[in-house]
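Okay, so subunit A shows up in both of these, paired with subunit B first and subunit C after.
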Partner chain A sequence: MTAPKNDSLPPERELKVGIGALVETRTFDVPDGDAPPWDATTKFAVVGADVDRQDGIAKASGRAKYAYDITFPGLLQAVILRSKIARGKVATIDLEPARGMPGVAAVIGLKDAGKKVRFVGDEIAAVCAPTIDQCRDALERIVVTYEQEPHTVDFLQSSDAPVVDDSGELVDPWSEDGDLDKALAAATVAHTGTYRTEVQTHGSMETHGAVAKWSGDDLDLWMSTQATFGVRGEIAQAMRAADVKCTGVTIHAEFVGGGFGSKFTAGAEGRAVALLARAANAPVKLMLDRYEDHTCAGNRPAALMQFRAGLDQDGVITAWDQRTFGGCGHNGQGGGVAIPDHFLRKAARRKDRMHKDLATDADPGRPMRAPGHPQGFFGAELFLDELAAAAGLDPLVLRQKNDPQAIRQQQYTLGAERFGYAKARADAAANNAQKGVRILRGVGVASARWGNLGNDGRGRDGSGGHSALCRIHQDGSVEARSGAQDIGTGLKTVLAILTAEELGIRAEQVRATAGHTSDPSGPAAGGSTTTPSLAPAIRHAAFLCRQQLASKVADHLGVAATEVVFADGKIGTAAKSLTFADACKLIGPNPLEARGERFPNYKGDPFERGVCGLQFAEVEVDSWTGLVRVVRMLAIQDCGIVLAKKPAESQVLGAMIQGIGFALHEQRIMDRQSGRMLNGDFLRYKVPGAVDIPPMDVIMQSVANGHTNCSAAGLGEAPSCAAAASIANAVFHAASVPLRHLPITPDKVLKALSQRKAK
Partner chain B sequence: MKEFTYVLPRSLPEAEAAAKKPGATLKAAGIDLVDRMKERQFQPTEVVNLLLLQPDLGGITADADGSMRIGALATLAQIAASKDFAAEGYAALREAAGEAATPQVRNRATAAGNVLQQARCWYLRSSELHCLHGKDGPSCLAQVGDNRYHSVLGYHDCVRVHPSNLAPALLALDCEYTTQLAGKQQRRRVADLFPLEPKAQLEEHTLLPGEIVIAFHVKAQPKSARSAYRESREKLSFDWATTAAAARVVMDGGVIQEASLVLAAVAPVPLPRPDAAKLLIGQKPSDELFHRVALRAFADARPLSHNAYKVQVGQAIVREVLHATTR
Partner chain C sequence: MDENKPVTHRDLTPKHLCPAMIMKPLLTHGMDDVVHDGRQWPGDGHYWCAKTCTCVGPDDEHVHPKDCGPLRSCYDGPRPQS
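== the complex of A and B ==
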């Protein structure tokens, strides 16, 4: 990159923001001291290039140590005793028999007599011993009696569930709403439909849990977490509450095997392992098994959604109404749904929100990749396709007519061309019109949206805030460090890339480390905020180190510091320069070191503080067996300035794969009688495997958004909105009847096809 | 898992002696067994590992009478890739073995282990639930619970389905098996390996305690024979069949002379359908004919509360497997 002149920046800066033909000049208030912001005209050497994931080889070769892999001499294992009933109270509990069992080093109660039991799997007690089998033998000796109460694990069987008919439609009349009712009555085309999704579990590769080790009164925890600083506080507070002296808690999460929103809390397992390690006076490991992870560590709640809407003669959506229900766990929370309301700018809508969360006697929901969005986008986007069909409009055209977002408007054109949308739709229609055709084909499209571009992490008084550390050593090695976690999404690669870009070196020259709370603090990995929250601070840290090094080099070469350029591994001017390694020799025994500041987001709201996306899917439906196969997919995703291209594409691919699972396979299946999950493994809880994943194409769009010095945006959520919806729309196109209840399993497909024949 | 004694026999007689002990179980690759032990669903006191006998009990070899011998410990991958089974008449075996589980599993899992693995019923396989099938419960929990993957045919008081891919193919080819018990070898038809009335209280196979399957025998197939195995699933990678069918057909002059049809994953045992197969004899292949055969194969279906779809899917798989044998 070219050297910015950073001596006296005017506070107001003109930046080119946008992408391609949409680039425009806007003025931003850039905070004093910030690195000069990048924009659409910036030329990059490392940012956006095909840089490999920093820890890719370590992970692929097994050298990366996850919490699950951490071990110490004398390490004990721990297991939690869990409730076998879904609802009631602990009547009596006797832990004593467990204490005398071979190997048992500590036993702790997690639920006393008289306490409520809220689901199968609720924590009762925990033990630690040298082997897991010794723990389980000991747990078998603990005597628990329950006062059992009737339970329900199906949200549509709960006492305040709405009435649905045999076809799954909500049947209660809609309450009146004057303007909305008028708009619906005036519509040229009107439509209504009810949509449903099942509980999806997170299914992270690494289950929840931690290894705890005390040194005196200091506690170190190697935890599979997506919120290092959050769980640090949680554990410290839990120790206080338990009257355990604890002078410090350090969390280590250098490698985390996924979280998807389920690992913001240390959980009962995190608290238990810390207490067991103290009681046993030994390091203890407590990792959940796969069944526990499916049943006790969160999930995406089920949803039931009814929509009705009207179009005018131009295909503009003029009225929209919805009522939604969440199928939640025992806390009756977290089941809200979000729909693509960018299509509804001209629609009359109800004033009050009609949503109700319904509780069941099951594990509570936790955030999962764009909470509420995959459910709501599936329902609403499929409803839009039905609406388009009713109006005789192509579904892509209906979206183009109703979408005010400029970036997505050009995505429609680009995507339709790249996917061969029109031809694929026509070919599918021609195929499906053949008499007796077995394999039906369909093509669908759906939109994506996420509206969070990160935060500065500061308190109300402006104190605190996210930070990052950069160090340049005399030997030429460069460190970039963050105490926030990289849950597999690529923070370490972002650290390396931003630092390398700023210092004019290769990303491989930077040693990036994340996940130790001894390093500068950062946000939890949620809401697509990690990268946009931390990237500006990471860049700023490198920027400050660069200034220090520039001044040393300037002195040495006898040039002005403002003339010093960092590029291609050299530092200096066109006439005189040093290699990066030689320049570093000017550093003393103490490294150059700087903590980057996370300045507040710049004022101004270009692109409505969010990102846009669009996904296409083509499917084959076997009309004999009901099997749906995704044949190919395309995602176009805006992501601020794309910093780390490979991990970014990987995030989108992951969202598409997870979307295939949500659309076609994944569902928590509960036994009503016992309240237990029947498919709490990866044999019957079905996730897509290699053969189920079709060729998938990703187009990343780099959009200078003018929100921070590096225009970063996050990617966890947006691509998750569209994937299942685009597949459901393709299935609708293939089957010519909508499949309104996810997952779209063969039994549902065959039923729908037979109903189509009956019609 | 609970503590157990690990026995590594060096010979078949040693294995037999070890297998006779109360509480002993035989282990081949352990794909199913070790999982069940880890989850404490099954707690043998002695585990007799047969894998050291793989040189004798493994591999695929030709016998003097022209039949092929599949060692009990031959792997699914070996069967799927065997040149001895390259001819169309053996295709059902190759396809059944080649579609099971994943490449990693197929490289370890054995022929006998695949045929003798325990039913995959999620009530049966929960250590917390007590059903009628070997678990001292009062009733079949699947019958009144979620039975989407359970039987539609041939069940009594337990609606589990037989999970083996290989078993229907072995039955369709009218294969035999040899066991060793008390120093004596006995050769029987594979059909005899499964109970006639698959009641909950019975074992899933007819082997006596200590009896060891040592081989399967596949008759030499005439050039005009063709066979196939097809299954339906909910996804394409690593899934259990929701229905499956194996068929064998011998054609002459475009007319079907011999036919056999075996269903799997729809009943507690792999289920030959001779009445349906008979409809094929003397006929020319056609989709209309196969459709009739498929309807006949499921004519006595009694679907449960959640699995009516399996009848329709199963019929489709029968059509498909018959097309595959006559294409």
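== the complex of A and C ==
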């Protein structure tokens, strides 16, 4: 039974925030007009329940139409001509021979003579024709000559690269830092280690691209994007020479097959398809193939990290130092690394950031799910396990001793119990101590964090702002609409659940739509922003619609509107009520409609300014073959009040699977001679398949933060921090030697085990 | 700058940044989010140009907050008033 909600409540100021035994009362300044905020005492009917994903059947049955699936009569295909050299200049380019090829409707240059070429795959020209084969034939006729220059695709071969010895250790001396050096010298236990990760590509199921269709000066783009409103503005700017305005561009992205950070920009392909469709005066489709997607659409940069730290006799980290390098693309940007610094509250640290991005002649990086965090958390969390081993401490205990975060402290206890951590560690140790044992076992743990409570989308002057739309129709159907995109995170399900909760109906009764810029604006799907930014707006929209409907029902029943309660599909009082369907008959031919506002985060002290998580992994290491198998994983994760349980769990599971890939399989392999990616497909660039994915459990924790009417916090990135790190720590436990270079492939395992044996 | 004041992406953004330069906090409305790691520039280091839809500007040079200002030939913002 939903807790009675009526509209007579004064704006609340005191809220119960927190989780379980940590719940406390805090005061918040709730804006007038907002829906009464939910808190730790609210009883829900739909929120947090096992509600199916709104578009689950559509996706599973193939009914969902992604950009890739959009077609029109007379649709043309398009393909991009790409550079085969990694560095140099276009000396000459002749597009004319392509124009005369059969079927070719338009040819455009993307790089003029004299322009720089920066990587294999750099965009040179594009062609559209009725078939992809005709496009490819035409591309072969384009004559390009280059002034080629020497290139490098290995960041450790770049001119600014640090010196690394044969064992992978950075050997340059550390620069002096008085207080830090003193703290390190005074430490009871000190340790140093160097860690490395390789370039990981995003590997979205749907590649980048779009279908473009012009009607006069208006452009409709069905695009695989995670920033509907952002790419609308981008395309309008890119087409400004053709007098295209934002108001003439409509983006459609109702279904998006993943993005993970790579689809914030329209990309060269987005601009090209708009230009081609204009030139051809016909709808055009340009979707990258898998090789292009791997090599020309961004990646997570590589990282090289060295840490040194000291512990006191109580296991408290008293000193911490780090220097890091990013292995980037041609722009030499975006390789920053983030570490779990929640463990370092008592540590002396260097004031200046010691990070350097190193450029290569390769595709530039793009943001990728928790930029910098999976790399940094892998290195730092493995380093912590080594530090714990050096001090004779259990790695979990070391974390408990150094983590001031109350929620995660709870998670250590809960997680250890649910995973059977102590017994599993002891069993693994006993197994590994057997003489001649082939299969080594290990158990690891790592932390996760992210900090995003969403925003109102307003400028500093108060202009703009996110909003969402709710409509209730006479026939009882309900709409929840946002123009922001659902890239698979479950935004549509969130919209439906919040609307249903507010109206006292089932989520299945609400039709949620997202991804068309004709609907109210919202943020890009990045930084774990979308749900915490939009959920309060849709709840507010439903709240306003509820007030309108309550008024009609009150008139009909002859009761005060303030007494009307929405619950269990009924609207009214304990004595008199209508079913939701009958109540909607009072609406008339025009729907009830309300645009919900996303108020600023409440003034006050939210219980937590981000989210906390923890992941456990158990692995088997085959000492004969070097193969690592993940046996099981457990994640504990909060995300404010858990609004949509299934999509939330799915987010965490996806991050864990992506983490398995990062830890054990995925790496971009470049040919130094040609500068070309050698494994630009899913056969040789190995993402986890069914056999690689172990039983995985997720415990979602609901934390009332008190910062908005529904206390949602961003979830997408946090679980990405811990997954690979927990696996690497489990491998360290199994092998008794740290594998400091991801991915942990069999060759590295066998080398490490042989070196351990030699010692 | 006050050492104890939290630093945001907005604080790290040059005043006359070209409006065609895009970075993630602009799209997620996160310009007032606090950064913790002593970085020099806003965002996560990934920048691109709306005119080209890539990380290379119309003048064939890389996009970066330190470079995308009024001195650049392709600068698209209002010129600073002296």
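Operating definition for what follows: the second predicted complex is superposed on the first by the 737 of 759 C-alpha atoms of A that agree within 3 Å, B and C clash if a C-alpha of one lies under 4 Å from a C-alpha of the other, contacts with A are read in each partner's own complex, and residues count from 1 in each chain.
Rule of thumb we're sticking to: a contact is a pair of C-beta atoms (placed from the backbone, for glycine too) under 8 Å apart; a residue touches a chain by one contact, two chains touch by 3 or more.
Keep in mind that what you see is a predicted model, and the values were worked out from it rather than measured.
Novice: Does the subunit A-based superposition show subunit B and subunit C clashing or fitting?
Specialist: fit
Novice: Which of the two partners, first being subunit B and second being subunit C, lies in contact with A:P371: first, second, both, or neither?
Specialist: A:P371: touches subunit C, not subunit B.
Novice: Give me the angle at the C-alpha centre of subunit A between the C-alpha centres of subunit B and subunit C, rounded to the nearest 10 degrees.
Specialist: 120
Novice: Mind working out whether A:V494 is in touch with subunit B, subunit C, both or neither, as first, second, both or neither?
Specialist: neither
Novice: In the overlaid three-chain picture, which partner chain does A:R672 touch, first (subunit B) or second (subunit C), both, or neither?
Specialist: Once the two structures are laid over each other on A, A:R672 reaches subunit B alone.
Novice: Going by the contact rule set out at the top, does A:Q333 touch subunit B (first), subunit C (second), both, or neither?
Specialist: Only subunit C; A:Q333 stays clear of subunit B.
Novice: Once the structures are superposed on A, label A:R684 by its partner contacts, choosing first (subunit B), second (subunit C), both or neither.
Specialist: In the superposition, A:R684 touches subunit B alone.
Novice: Which holds for A:R629: it touches subunit B only (first), subunit C only (second), both, or neither?
Specialist: In the superposed model, A:R629 contacts subunit B only, not subunit C.
Novice: Under the stated touch criterion, which partner chain does A:F264 make contact with: subunit B (first), subunit C (second), both, or neither?
Specialist: Once the two structures are laid over each other on A, A:F264 reaches subunit C alone.
Novice: Taking the superposition on A as described, I'd like to know which of subunit B and subunit C A:C721 touches: first, second, both or neither.
Specialist: After superposition on chain A, A:C721 lies in contact with neither partner.
Novice: Which partner, once the models are overlaid, touches more of subunit A's residues, subunit C or subunit B?
Specialist: The partner that reaches more residues of subunit A in the superposed model: C.
Novice: Once both structures are aligned on chain A, how many angstrom separate the closest C-alpha atoms of subunit B and subunit C?
Specialist: It is 24 Å, taken between the nearest C-alpha atoms.
Novice: Going by the contact rule at the top, pick out the subunit C residues touching subunit A in the complex.
Specialist: For this pair, the touching residues of subunit C are 20, 22, 24-30, 32-33, 36-40, 44-48, 50-56, 60, 62-64, 76.
Novice: Given the complex with subunit A, which residues does subunit B contribute to the contact?
Specialist: Going through subunit B, the ones touching subunit A are 1-3, 40, 102, 120, 122-123, 126, 128-129, 141, 144-146, 148-149, 232-240, 242, 307-309, 312-313, 316-317, 319-320.
Novice: Please output the residues of subunit A touching subunit B within their complex, sorted ascending.
Specialist: Residue positions touching the partner: 84, 133, 136-137, 622, 624-627, 629, 664-665, 669, 671-674, 676, 678-679, 683-684, 686, 688-692, 745-747, 750-751.
Novice: Residue numbers of subunit A touching subunit C in their complex, please.
Specialist: 115-116, 118, 123, 227, 229-230, 233-235, 237-238, 240, 264-268, 270-271, 326, 330-336, 338, 341, 351-353, 357, 364-367, 371-372, 451-452, 455-458, 460, 466, 523-524, 526-527, 529, 533
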